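Read through the structures below before going on.
What follows is a pair of complexes built around chain A, which joins chain B in one and chain C in the other.
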Partner chain A sequence: MKAVMSNKSAIALYVLPALLLILIIIYIPLVLTGYYGMMDWKGFAPMKFIGLDNYNKLIHDSMFWKSTYHSVLLGICSTFSLLIYLAVSMVLASRIKGANLFRKIYLIPMLLSSVAIAQLWSKIYDPSNGMLNHLLTSIGIQNPPLWLSDPNIVLFAIFVPIVWQYAGFYIIIYYAALKNVSEEVIEAATIDGATPWQVASRIKLPLISPVFKVTIILALVGSLKYFDLIFVMTGGGPNHASEVMASYMYGEAFSKYNFGYGSAVGFALLLICLLMTWLIRKLTTSGEDVQY
Partner chain B sequence: MNIMNEFAAHKRSGTISDTRVKASFGSRLGFGVLYLILGILAVIQIYPLFWLFLFSLKTNQEVFGMSPFALPQHPQWANYPKVWSQGHINLYFFNSVWYTVVAVLLTIILASFVTFAITRMNWKLSRFVLGLFIVGLMIPLHSTLIPLFNFFKHMHLINNPLSVILSYTAFNLPVTIMILLGFYQAIPREIEEAGVMDGCSVHRIFLRIVLPLTTPVLATTAIINMIYNWNEFVFVNTFISSDRWKTLTVGVNNFVGQYLTDWGAIGATLMISILPILIAFLLLSNRIVEGLAAGSVKG
Partner chain C sequence: MNKKKALPIIVVLVVMLSLALSGCTSPDNSASGSQGASNGQTVIKFMHLWPEGSSNAQYTIVNKIIQDYEKQHPDIKIQTEILGNDQYREKLKVLASSNELPDVGMTWSDGFLKPYVEGQLFTPLDDVIDANLKDNFIPGVKESYAIDGKTYGMPLELNISYIFYNKELFKKYNLQVPKTYSEFKNIVKTLNDNGVIPAAVGNKEGWPGSFWFMYLADRIGGPTLLTDVIHGKRSFDDPAIVKAAEEVQSLVDMNTFEKGNSGLSNDEAKGYFMNEQAAMFLTATWELPNYTTSPDVPQAFKDKIGYFKFPLYEGGKGTDINSYVGGPGVGLFVAENSEVKEQAKDFAAFLVKEWGDKSVTDAGVIPATKVDTAGKKLDPMYVEILKDLSSASNVTTYFDTQASPNVAELHHDLIAALFGKQITPQQFVQQTAAALAEESN
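Now for the complex of A and B:
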């Protein structure tokens, strides 16, 4: 048994193709991004080593920090919206008829491409023919906002379709976790006189807290990576009011052809994502996970 | 006395049934409110898509002159064949189909091999290699774009579907392995032991015994991969500039950019781009739900 299942050449044959692929497509480029960040490399001219100049420029680049701020802001808002998804899931998981149908309906936007969502919501936000402002004027709101061209609310206007898109995703995660809480524990508590509120807050929530931690990471780090929707809807505009880290990097590299500086931004994006993941893990693993 | 007793009994039963009515009315009201909220949320989630369908069938006069909530007066089904043949939508559509199929197959095959080796075979670095794959979930793909672009340019793979398919495969391996992992770990050891007793080689054990067992979870990973690949945008937008090799997401985006004011045409293109996913969802919603949940929260 042991000899067959530790056959070295078989292991190499099974693992190496995939391993080489992720090394070439993911890990080597990650290292190279950091390295290219040390190059003066514009357009199609050959690259020239300039040490840490790009990184120095990055630290003093207010545009970069503004886009980082926007990314973090979206991340924090996304994290808070998790509470709404959790509340909806708790309702769905408590003896609601048709819960299965509801969660499937909620999931539908998650299946669409961000491009389609961005195009659709651009039409919804359209100031003269869109659905939203027509609705607002018909209930008596004069001069509804110009959602995507007002720098003060464009970020909020982008956040709404993000919530719309991801709601179903988080709801199915929480729903599955809540359904995993053993019926016996809940029954025992109910017999001991626990109210539904106590069952929810003292038993169900602590038991699904590991899942909740994972979703915080997903929401925060996912927001830092956010790109498609914003790129298509506003391109980071108007006047960089909805610029995020990924769109800033993309613009520097593939519109301005500042490959060297773009690489430095890309490397910073990577570091911030890893730092954030590590930080949340650190903050949320205080104490043991609850088990009953 | 008799009457008194009867009266008391009546009164008691009356109060009991009264409170029962009250309780059930109260909880019914509560449930009613909950259903109302859930229903409103459901409408919010699907009405925009219905609205998209409506304006895909409208003329510009209707879009610009009438309420956005009005039904199309004479549904313009012709919008669909029009955008299908003009603006290369048919070409983009078939590109999307075959990139998706090739990348899904490649991902599933590679991921199955890796997951088998990691969960069922004994070697020192298995934990570390698994870690490399799983950490891939947290990597922002934008950080790889410039080096990848440079790499593919040197390999003459810009404007070549291979660049896109390899990128799809590499970036979908982590989530695919994550979904497969739980399933492989649950397969009892006895199955392999029996295979070894019978003198099977490890390849035979994997291909003939273990792999066929995983068909249900392979279907789940396939559908999840299909959705991700079908909707992918950045890689194609970066590595492909010739219309010949664009996919639907990028093609639709360019098309909409060109026909800014023809809402009917825009609506029809968007509908065409989301229809395959919606059909897949109607047929396989349980697998999609299961796959999304399993692919995100483990370990």
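Now for the complex of A and C:
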């Protein structure tokens, strides 16, 4: 083994297949997207090079910034929902009755495909025949909100199923991290007279903070490029009220045949995601990792 | 301990066995496949948009035609891929951008067709039309698929739109079929007073609401108005169009449509009409099977459904009630890059020809080819509509079909906004006019 590891060409040989694959599937298309962004291109007719015109148009495109704002809102919502997931997994990780059952209950939305979830929630939100509005009218609310067609609420109405969809994923991550906190440390603290609240805030939280940082990045970047539920439930409508960056990109490229401009939007989306990741890392690497 | 280990072992064994079994079956498949190839069997890939579930009648006919064709041409195998309407549109665009179009597929006319032809993805079909279908099409339909004198699609359908209504609900509240727009508004009022949703419309994708707008524009501004706008002869900020948009919003104010319609798809809105929660539904004749022949819809419901022509607007320039909004539905294209182009063309022509006969009797939809109704047993509603077609003074092709994809998308967004009262009629008109102006530059 040692002989292999010291042989540089052997290392290169082993790394090569995966490297090639990731280059072909991810990095080359990334660069190409940026390049297509400089084209006036319908997707199938010949391309015309127009330099930075698309990017210039993008900067002045109020629709793009509106969709960016929606994506950032979603990012903030999902980041805050992480706190709820954390609290839930704290409870589940302490040995309460039925923790196992609840863990499965929280996990089930994750097993459904996004399209199924979208269909499910579209039915729940149906303005006249939906479950939610039936409930609201039956308790005496005369004009319940039109969840998916009122431009002022549609965005938040869609955030609910998105947050719901990913609950299981983050709860599992936190649960595993919490289970990793060594029992001895907790026991020692309890013997020294620490309350459960102190154990949670002074021992468990600091110990899982690296995991927490990773999930913030996951949630934020995941939200910025989020697409599926929004596309199926409203298609970004009504009149762009629930448009996010990814659905805007799709609309430009595939509905309006502005493939060049769509590529520019996609490239901008990538840059924004990179910037956000860098920012979060910058903000969260201030302290050393805690160890006991 | 032994017992505990048994389960994983069993699991591993089952997995291995299933792998081995699938290993057995796949060579079988490939063997028959290569056998087919050695027989010289040609595969034609065909994509259409009539899934078994939602368009059963059309699905069955197409299947029957494919079987007949394969029987007559043992050396040809037709491979189908079927998607619902909206998914089909999306997928066709994606396939086109990666240059993987099926050999034969369905396309819409005018604005939809144009970028595909400019991208040289469709092949001209004039030779096969001249050879097989020279005088078969209803005049004017084939021309919607022509660009620069070449025809790139063979039309299958011709659709015109009517207001379909629930006769029982009308009878219950003593309502008569309206001839004028003010009579129509009275009907809306009566139905509303009685807690019935007057009309169903789904505006998530925008086009169903556009039917109302297009008819109002036709009745107020005259039958050629929207076509003239497309051809740059008149401007979209014409007072008649502003008036039509205003009328749409006044219908919305009267609670003509179900609540929250800008978040509902056409199928969801259709549910309101099919469940008899809504009394009227403005849609095109592609829905006819649901009211006549479809075995999935109860006869009791079919018996309740009637239709009327969009009423005339008092003082409007469109004074002929026989002017329709409609247009060719889908047609068949053959891909320019197809490796089996000649066979594909032949199959497409066969399908169009057979479709003309079978769609009449079996599906109750209107084909784009001439129909000889004599000696055929047809649903009365269908006979009536064929009669209407022959006396139609004008069929205005859907505005979004005629417009470029850019303008069409904008139009759909703005229609949803207009129905949702997010924008004023003036904004609606100005934004569309600006997009049209930008395009013509």
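Just so we're on the same page, the second predicted complex is superposed on the first by the 271 of 292 C-alpha atoms of A that agree within 3 Å, B and C clash if a C-alpha of one lies under 4 Å from a C-alpha of the other, contacts with A are read in each partner's own complex, and residues count from 1 in each chain.
We take it that a residue touches a chain if its C-beta (ideal position, glycine included) is under 8 Å from a C-beta of that chain, and two chains touch if they have at least 3 such contacts.
Because the structure is a prediction, the values reported are computed rather than measured.
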item: Combined model on chain A: chain C and chain B, fit or clash; value: clash
item: Partner chain in contact with A:Ser89 - chain B first, chain C second, else both or neither; value: neither
item: Which of chain B and chain C A:Pro109 touches, first, second, both or neither; value: first
item: Which of chain B and chain C A:Gly237 touches, first, second, both or neither; value: second
item: Partner chain(s) touched by A:Ser78 [first = chain B, second = chain C, both, neither]; value: neither
item: Touched partner set for A:Pro127, first chain B, second chain C, both or neither; value: second
item: Which of chain B and chain C A:Ser149 touches, first, second, both or neither; value: second
item: More chain A residues in contact [chain B versus chain C]; value: B
item: Chain B versus chain C as contact partner of A:Thr277, first or second or both or neither; value: first
item: Touched partner set for A:Phe254, first chain B, second chain C, both or neither; value: both
item: Shared chain A surface residues [contacts with chain B and with chain C]; value: 128-129, 254, 259
item: Complex contact set, residues of chain A against chain B; value: 1-2, 4-8, 10-11, 13-15, 17-19, 21-22, 24-30, 32-33, 36, 88, 91-92, 96, 102-116, 119-121, 123-124, 128-131, 134, 164, 167-169, 172-173, 176-177, 211, 214-215, 217-218, 221, 224-225, 227-228, 231-232, 245-246, 249-250, 253-254, 259, 262-263, 266-267, 269-270, 273-274, 277
item: Residue ranges of chain A in contact with chain C within the complex; value: 42-45, 122, 125-129, 146-151, 154, 234-235, 237-241, 251, 254-259
item: Of chain B, residues touching chain A in the complex; value: 31, 34-35, 37-38, 41-42, 44-46, 48-49, 51-52, 55, 63-64, 67-69, 110-111, 113-114, 116-118, 120-123, 129, 132-133, 136, 138-151, 166-167, 169-171, 173-174, 192-193, 196, 200-203, 205-206, 227, 230-234, 238, 249-250, 252-253, 256, 263, 266-267, 270, 273-274, 277-278, 281, 285, 288-289, 292-293, 296-297
item: Complex contacts: residues of chain C adjacent to chain A; value: 90, 93-94, 96-97, 99, 115-116, 118-121, 197, 203-206, 258-264, 268, 271-272, 277, 405-406, 409, 413-414, 416-417, 420, 422-423
